[in-house]
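Heads up, the next two complexes both have chain A, just with different partners, chain B and then chain C.
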Partner chain A sequence: MSSRGLLLAIVIVAVMALVAHRPALAFDEERNFAGSAQLDYDFVPSEPGAVAAPGPATTFQGFTLESALKVAVDISDHLSANVKACYGCHGFELDMAYFDLRAADELNLRVGRFSPSFGAFNLRHDPANHMTSDKPLPYDMGRMLRKGDWYNGVLPSPFPTNGAELNGTHWIGDVAQLDYAGYVVMGFKNDTDPNPTDFNLQESHLPYYVTSDPRPAAGSRIALTLKAGDKSDMTLGGSGMFGTYDPNNRLTYAIVGGDLSLRVGRTAVRMEYLVRRQQMDTSNPDIFKYAIAPVGGDLFAKHGAYVEVEQPLTNALDVLARGDGMYRVGNVSNAVVGSGSDAPGYSPLSYESWVARETLALAFSVERNFRFKGSVELWEFSYADMAGREAELSFHLGAVGSF
Partner chain B sequence: MRALALLVATALLGCGGPSMDPEVASASAASRADYDVFALRCSKCHSLARPLNSGIDDDGYWRTYVAKMRRQPGSGISAQDSVAILRFLHQYSIEQRRRKGKPVDSPALTAPSPAPSETGGS
Partner chain C sequence: MRRRALRPGISGRIASALALGAAACSSFYPQVGPSQESCGVEPLHVGSTGGSEYGASAGDGYDTSGAANGPPSDMCSIDAGSACDDCESKWCCPTRLACYEDPVCVCADMAMDVCLASANASPKVTASCWASFTATGNVEAARVACERAWCTGPCAIPAP
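Here is the complex of A and B:
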């Protein structure tokens, strides 16, 4: 870990400890200290590290740990604060550090560092809040097979950034809930590559809390929840985000998505679709796999979707079946994105590529706050790896605890 | 090996292993109905362990938090739901206090009612 990262980690832990153990104040300030940790073992029999394309196209096999500590403080009826520090594949990261200033249920101002409102999954991104060890592919942040080929999902979750958001919720009687959010944030960046072709997610998710780029990204979300009865509800939402990611503010990205979730009793059915349309710097045609098309040659689109059904079988055992995938269309940069790697640039993707995955998962609670997770995943790719395989299997076995 | 098989079998049948909510099993039908609302709504975004193992046994605190959760996007927690959820948490807090040997006639345990802002949005 860099000295900057270590310093940040020490500061975060110290601040959280001080906040959590401060004596109660006279105005009944409310504090809630929570956390979670997940240890997961990913077994990939096909040894993708040995057969994947050269470069960063490997898979995180073996053990990975995701952990988080969160402090929520209700300072008054109208002001609250949240600080959440995570430790995972990127080292320490400040997932949340924001204040909510609420005038009414319908009008709340959020300022600080947070994941802006987008899609339905991000609310459940903590591993204690979903039944699988990994995330749906559109929100994948490095756990997928051949991750380097795809450079993560459509919108790797969580996606903390600095900015401000106005949001609110309004109930219409007892049967409908309307949510909205609009925000301006720092957004995704790549100010390290000479010819940016994609986000620098390493930079965005490491302690990188200042930028010389003054132009923010903007986005919004609206969702409607309808209650059909005492034991069922349905949420339909739409989200969008737009910004530029290069230092010269020329290269745009737009992410839009739609989501639908149904709950009937304890059965949940969820589906989401996202697409990211992004421009690339084509001023150096030599880094691209294909000749630059005169029209539309400077952009790619990455689509992603998932459908999942979650069903408790007993008080302790849940089963989840999920189908998800991504489809990418557009030119392919053979340069390594995000710099910092000496690996040779090479991408096995073609102009149109896809990946599909089917997952069957079980989650078994041995205590309220502790559960084991197991899943088997069948992966199918539109292209063969260096061993000629277009399909692979992976197995997850993990344990997650929360408090 | 036989013990492991028995553990798995009983867990799969739901009649052994970790009973998730033993406090609820012996509760009255009305309390179970409140628990059902609590379980249905609160499990939408997080495990029930979060509230149940939080150690909170103060109705005022619960009012604040249920109001906060109700404001979460897509929570589906209506004003009517929040009354049932608070009723369950009130009973649950009494049980927790008894187990800890704390007084149950504390001012912290008042009659459950939603926070004023909870009904304001309806």
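Here is the complex of A and C:
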């Protein structure tokens, strides 16, 4: 057994031993039922009608619904379970189905299906937990303009997968909190394409929750929160994930990110940076726009970042300003991801491409758990679309409720 | 004042850290060769991701606009004027069309014609032209495989 495997086994045994030796307490099983739903209308005046339907090079205009129902059960002092089902663009999805076996605040073992700890936004990915209708570009999962060109964000959120995670929180007095997580999960996959060049995210969101890539992905996160009082704190975090995504376990991906959140009074400032380095199957060179370079020619890097400032104007009205973008560098495949073929297509991206977006959003709470959201977004691209546009506008109007 | 030199161990570690940082940065910076689609020739039909045409036709015999964009049989009529083209049209129409529909293959095809024209019947250069075309990708390899099976003589295809 390798030293890492031995260490993992020791930790698991330690958790189980701690749990087993806890005195039995009178405990009433507690169940919590929660849910949220967001209906959003995305209006893109510049998009040609011919490509308004869902497709590889388009955006999802019109109405979209994201809803979720969650049951959390505290079975005992040290065992809890969570199940969350979502309904969104992909239809129904099991976002959570896991057990938490908690020995202490510092030692919790999570097993099942969940989104592994990565970045700060992942905790707020439910539309009831953020003020805009859509996600920051590094975490976009299909709501961005020209989504087919970019094939979504750096790490489309949420990213539920099967696996195990060890996490915990350690308090350092009243002023600091250290969070950590380490996990092994199924990870991303592309079992469909003969020459995989990117994740097939559809495969990760279909009920066929297995993969022919048998090796797990591994990752970790660490975050330090400093508290300057009841109303001010700062969190600095770093995350990483590494795995393979093809059936032969040959093509690797690595995602790393850093995040900083600052809360002063009622003002919140958040920023994150992510980069994904991904290998591509270059055994069929003619699906690529560029000849394959002998060194460093089988990979691309996709960078993404956002900065946002959230400020309540009144008790009911919040304003948010956000700047985000992505930058992709590397060879470009013309084959459509997930098509199962290497038939030639067309990607308008070039060796270096970027997209930037500026967002101004308002959120108005009608009731404590129900708010309207509206936003205007200015998009800028490094390349022109079929109509010659390098800039576009989009408008969101939506409503979100939670219970 | 005399400066204290860094201990070799520390400077070595700093150098190692810098080298590691440079390697990490370079591993996130991919490289590419020249564009495979910049020859200015339009493919026949661009497939499923948007249906756009791109690249201006060079008007050099590869122009696939107008009548040439018609049914596949138009591209495989046996009136091309050379024994090789006629043979390929007769026996290898699907692989020929697949190449003309592929933005990379259509450029590789033009590059090979230029290569063959400059070969001046040199067997070595001719073989290199064919090898280079074949190695471009699956579409090119399939086209050459068919030509090799049916048209080795008319097309004067060198042995692999």
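Please note the rule applied: the second predicted complex is superposed on the first by the 362 of 403 C-alpha atoms of A that agree within 3 Å, B and C clash if a C-alpha of one lies under 4 Å from a C-alpha of the other, contacts with A are read in each partner's own complex, and residues count from 1 in each chain.
In this section, a residue touches a chain if its C-beta (ideal position, glycine included) is under 8 Å from a C-beta of that chain, and two chains touch if they have at least 3 such contacts.
What you see is a predicted model; the values in this text were computed from it and never measured.
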I'd like to know which partner A:Y346 touches here: chain B for first, chain C for second, both or neither. second
Which holds for A:R277: it touches chain B only (first), chain C only (second), both, or neither? second
Contact-wise, after the overlay, does A:T267 reach chain B, chain C, both or neither (first, second, both, neither)? neither
Touching partner for A:S76 - first (chain B), second (chain C), both, neither: neither
Based on the superposed arrangement, let me know which partner A:N369 touches: chain B (first), chain C (second), both, or neither? first
Of the two partners chain B and chain C, more of chain A gets touched by chain B
By the touch definition at the top of the document, which applies to A:A301: first (chain B), second (chain C), both, or neither? second
Identify the partner contact of A:A293: answer first if only chain B is touched, second if only chain C is, both if each is, neither if none is. second
Based on the superposed arrangement, let me know which partner A:N248 touches: chain B (first), chain C (second), both, or neither? neither
Please output the residues of chain B touching chain A within their complex, sorted ascending. 11-14, 17-21, 36-37, 39-40, 43-50, 52-54, 60-61, 64-65, 68, 71-76, 78-81, 117, 120-122
Considering the complex alone, what residue numbers of chain A touch chain C? 51, 56-57, 148, 275, 277, 284-293, 295-297, 299-301, 329-331, 334, 336, 339, 342-347, 351, 386
Seen from chain A, its contact residues with chain B in the complex are 28, 30, 32, 34, 74, 77, 80, 102, 104-106, 108, 117, 120, 123-124, 126, 128-129, 167, 169-171, 173-175, 177, 179, 181, 221, 223, 225, 227, 230-231, 233, 235, 237, 261, 263, 265-266, 268, 313-317, 364-369, 371, 402-403
The chain C residues in contact with chain A across the complex are 26-37, 43, 46-50, 52, 54, 101-105, 108, 135-140
